[in-house]
Amino acid sequence: MKRILKAVANTVGGWFEARLRLKESVMPILEHPIPAGAAGPKGWWYVFGSASMTLLFLQIATGIGLALVYVPSADQAYQSLEYLNYRQPFGWFLRSIHYWSGSGMVVMVVVHMTQVFLHGSYKYPRELTWIFGVCLLLLTLGMAFTGQVLRWDADAYWGVGVGASMAGRVPVAGPGIVELLIGGPTIGASTLSRFFALHVFIIPGLLLALVGGHLWLVITRGISEPPVPGQPVDPKTYDAKYHEEVKKGKPFLGDAMTKDALFSSLVVLVIVALAAIIGPKGPGGLPDPTLTGANPRPDWPFLWLFGLLSLSPAGLETFVMLAFPAVLVVCLLLVPFVSNRGERAPSRRPVAVLVVLVGGTTLAVLTYEGMTSPWSPQMGAWSGDTIPTAVVKRSTPLELQGAAVFQNKNCRNCHALEGIGGKRGPDLSSVGVRLTRDQLIDQINNGTPGGGNMPAYGKHVRPAEMDAMVAFLVSLRPEGQPPAKTAGQTTKK
Amino acid sequence: MTLAPKWVPVWLAIAFLASGCNPPGKPTLPQTSGRPEDLKDFDALYSSNCAACHGKDGTLGPAPPLNDPLFLRIVPDAELVRVITEGRAGTPMAPFDHSKGGPLTTAQVKILAAGLKTKWGTPGVMTDVPGYALAPGGNSEDGMMTFMMACASCHGENGKGGKSGEQRVGAINDPAYLALSSNQALRRYIITGRPDLGMPSYNEKTNRPHNFKTLTAQDVADLTSLLDSWRSPATK
Amino acid sequence: MSEPTAPKPADAPTPEEPTRRSAMLWITGGVGAAAAAAVGVPVVGFLAGAVRARPIDWVPIGKVTDAALFPVNETRLHIFRNPIHEEWDGDSAKTGAYIRNLGKDDKGQEQFWVFSMICAHLGCPVTWFPQSALFMCPCHGGVYYENGDRASGPPPRGLYKMPWRIKEGVLEVQAPHLPTLQDTLEKPSDVVQLGIIKRDRGERA
């Protein structure tokens, strides 16, 4: 029985092989020799690129699935997402995998890039491979942004708005770029259609073409050998040395490919598990630009930018928005030209390690800031965040009225009490220790001098309201602490 | 594929998906449409619109407590709707109805007003309680006599503040306090007290002299006049 | 190509061989360029069609004398469907304007403040808080005073003012495009007015 099956397989296989000639074309590629070091345990460093590609294919598969149901029309996109979430069998699951796999792809591409950077693999003769890689990173982020727009909820709508507002700052051409980007004078149907085309045809097409080019370069110039301290790259001698090394090398089809396959499978399993446990993202609030409760937030790959835009000083802002990302990309593109020779081992390249540490920490901090966004007023705090009951219990009637005025004047939207409320301004839980009555009155009346963080309330706080509110604020002190006094001031009242 | 340990996660995943059970990530149909005007749940409306000033469960906020059965018994339904709709000019109570520039629809205002009574009120009507509405005919001089008997033990002489046990009681003759309080709110406090902060109602003897007698409708009107007379001329 | 041993046919004009070939190349190049232009011009025109002259549409909001719509000295959010939109826009065609009736000026003419909801910083929707008379933006914390001036936070200017007019006793607001710093509602950018293709609605208006 077994023998018959084998014979049939051989005959059928032979028939196809006689026509396709795969042994001549594909097998040499699969079996191209890689340096022995890369096939050994150090080969685990080489699995991130293939994992990124695996996730790209998972994205294509789930994306095609979603496209069978999703309606890229501004008036029905939201409904079709709800249909996917709640009615289409496994619809939510496909959306969920697509979201988590997309997130995973961003992570994998960044990890892959970091590894390549730390190991100096971008040096001669792999400069172009790196440049293709940088473009792939940008395209991956492009997919993340356009994908967020296809979610056509409030975050998507305002995300496009923020992107357009940034583009609108480009000198002279800004308004034209905005109209090209959103497909007309306003955000709406043509915007969604345009982002659909970008997300489904244009960027994936470019991605696949560049992945092809990236792989072609990997195969023609070979996988870089694991770095060894004291063996610097010299473009004059590298090719001959690599040629010698590969002679002792191993075929890719073997341990190396098995490592790739195992790691990719594990990554897919993690993605599917996350998809099943955490579920899909959104759709969030309705895509109705007149709902004032909207609290737009970008998806996580852009939280760092959100943070950066909020924290950059006003004078530098347009630069940070427009020039800074361009500078960043140019820097990445220039990396292999600034250092295309010399040591590759991270232990001999302290600057490279420092760049990764500083860059990674900066991104992490900015992302965290973007996530907590302490600069955003809490729009519902004035009517929803309660005054701590301990404060209410010890307050006089005047202070109680002051607390009510404090809420009524929306102060809570920016000022927290005991950590609850807006974080834009300082927490006022113990403001009575820091500021005197007169200082408080001055601050409320005039705001931060020079149009800083606090508006001037002078015209909109009546004297009685001011009296009560300041009495309340002065009373906000830890037990036993006296109110703040300026030098030489006698306590009032 | 075999049953080797490394395939266990795969089998688990397949079993999980095939079982048709609902993984924790499966989204459930939202209860609301996502439009703020469609929010009809009293608790949600209360906690996002009222809780800041009136307290999380209707007590211990800076503004008059709403979770107060006595108050809910005497206050007319229409008055609740009106105050939520229009707010109280001059006081920190803001208007909440769209028509007055507030965040809620008329239907939502009605849900709040009705919900207060069903959630925290007690059924039945009290006849022997002084009425909620401001009554004319108060006399501030008589009010002073009543004040000395019924209020001064805690609020101090002329309402300048005092002590209730260990608890400090702040002044109520403060011009800013009075400027931000409507006579209606003052009358309501005289009748209901502030149970959450230990202030007795019109008929409670706690912390009051042994000869204290339940306040009559006239007493309440007199006391309201007295407090009104303490307002500074500028804000009157 | 030419082998020295090969006999030259008398009727084959050798010097003309390269000429004919280069002519063929020239013709191919020319036809190819014509084909590319024939496809390219409409495609580029199609893509650039997003940038085109804007029509000026006016949206009636309500009777100026209607005190419920325009209470004096109170700012209210008015929501309308923007005429600059497609049929399949759904809710995204809705637009809001914060309108404040300032009462009559010295000449007895009604005056209004009409502001776009779009924050001048990065385009998020601002919310009006009547008690503190401030507009607040939920994204990066921009705050504006009741007259639209910047009060605090990152916005580089005040709120975008929307052009308005009173026609037969009705307050009308000019249909807004997405305002950005160089393309405000009062002073639209010249760049986007370069478009050749007029919108249908513009021709009707």
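For clarity, chains are labelled A, B and C in written order, and residue numbers in each chain start from 1.
Methods note: a residue touches a chain if its C-beta (ideal position, glycine included) is under 8 Å from a C-beta of that chain, and two chains touch if they have at least 3 such contacts.
Just so it is clear, the structure is predicted and the values come from calculations on it, not from any experiment.
Peer 1: Identify the chains in contact with chain A as well as chain B, in label order.
Peer 2: C
Peer 1: Farthest chain from chain A, comparing Cα centres?
Peer 2: If we average the C-alpha coordinates per chain, B ends up farthest from chain A.
Peer 1: What are the two chains with the most C-beta pairs touching?
Peer 2: A-C
Peer 1: Among all chains, which one's averaged Cα position is nearest the averaged Cα position of every protein chain shown?
Peer 2: Going by the distance between chain centres and the overall C-alpha centre, it is A.
Peer 1: So what's the Cα centroid distance for chain A and chain B, whole Å?
Peer 2: 44
Peer 1: Averaging only over C-alpha atoms, locate the centres of chain A and chain C and give their separation in whole Å.
Peer 2: The computed centroid separation for chain A versus chain C comes out at 28 Å.
Peer 1: Can you give the whole-Å distance between the Cα centres of chain B and chain C?
Peer 2: A distance of 49 Å separates the two centres.
Peer 1: Quick check: what residues of chain B touch more than one other chain, meaning two or more?
Peer 2: Counting only residues that touch two or more other chains, chain B contributes 94.
Peer 1: Give me the residue numbers in chain A that touch at least two other chains, ranges are fine.
Peer 2: Expected reply: 286, 288, 291, 293, 382, 408.
Peer 1: Among the residues of chain C, which ones contact at least 2 other chains?
Peer 2: Where chain C meets two or more other chains at a single residue, that happens at 131.
Peer 1: Once bound in the complex, which stretches of chain B touch chain C?
Peer 2: Answer in residue numbers: 94, 99, 101.
Peer 1: Which part of chain B faces chain A closely enough to touch in the complex?
Peer 2: Residues of chain B touching chain A: 9-10, 13, 16-17, 23-29, 33-36, 47-53, 55-56, 60-63, 91-94, 103, 161, 168-172, 174-177, 179-181, 197, 235.
Peer 1: With touch defined as at the start, can you tell me which chain A residues reach chain C in the complex?
Peer 2: Listed in rising order, the residues are 73-76, 78, 157-158, 161-162, 164-169, 172-176, 178-180, 182-191, 194, 286-296, 309-310, 314, 317, 375-377, 379, 382, 408-411, 413-414, 424, 447-448, 451-457, 459-460.
Peer 1: So in the complex, the part of chain C that touches chain B is made up of which residues?
Peer 2: Going through chain C, the ones touching chain B are 68, 71, 74-76, 130-131.
Peer 1: Which residues of chain C touch chain A once you look at their complex with the stated criterion?
Peer 2: It comes out as residues 47-48, 50-51, 54, 77, 79, 82, 84-96, 117-118, 121-129, 131-134, 136-141, 143, 145, 150-154, 156, 176-178, 180-183, 188-189, 191-192, 194.
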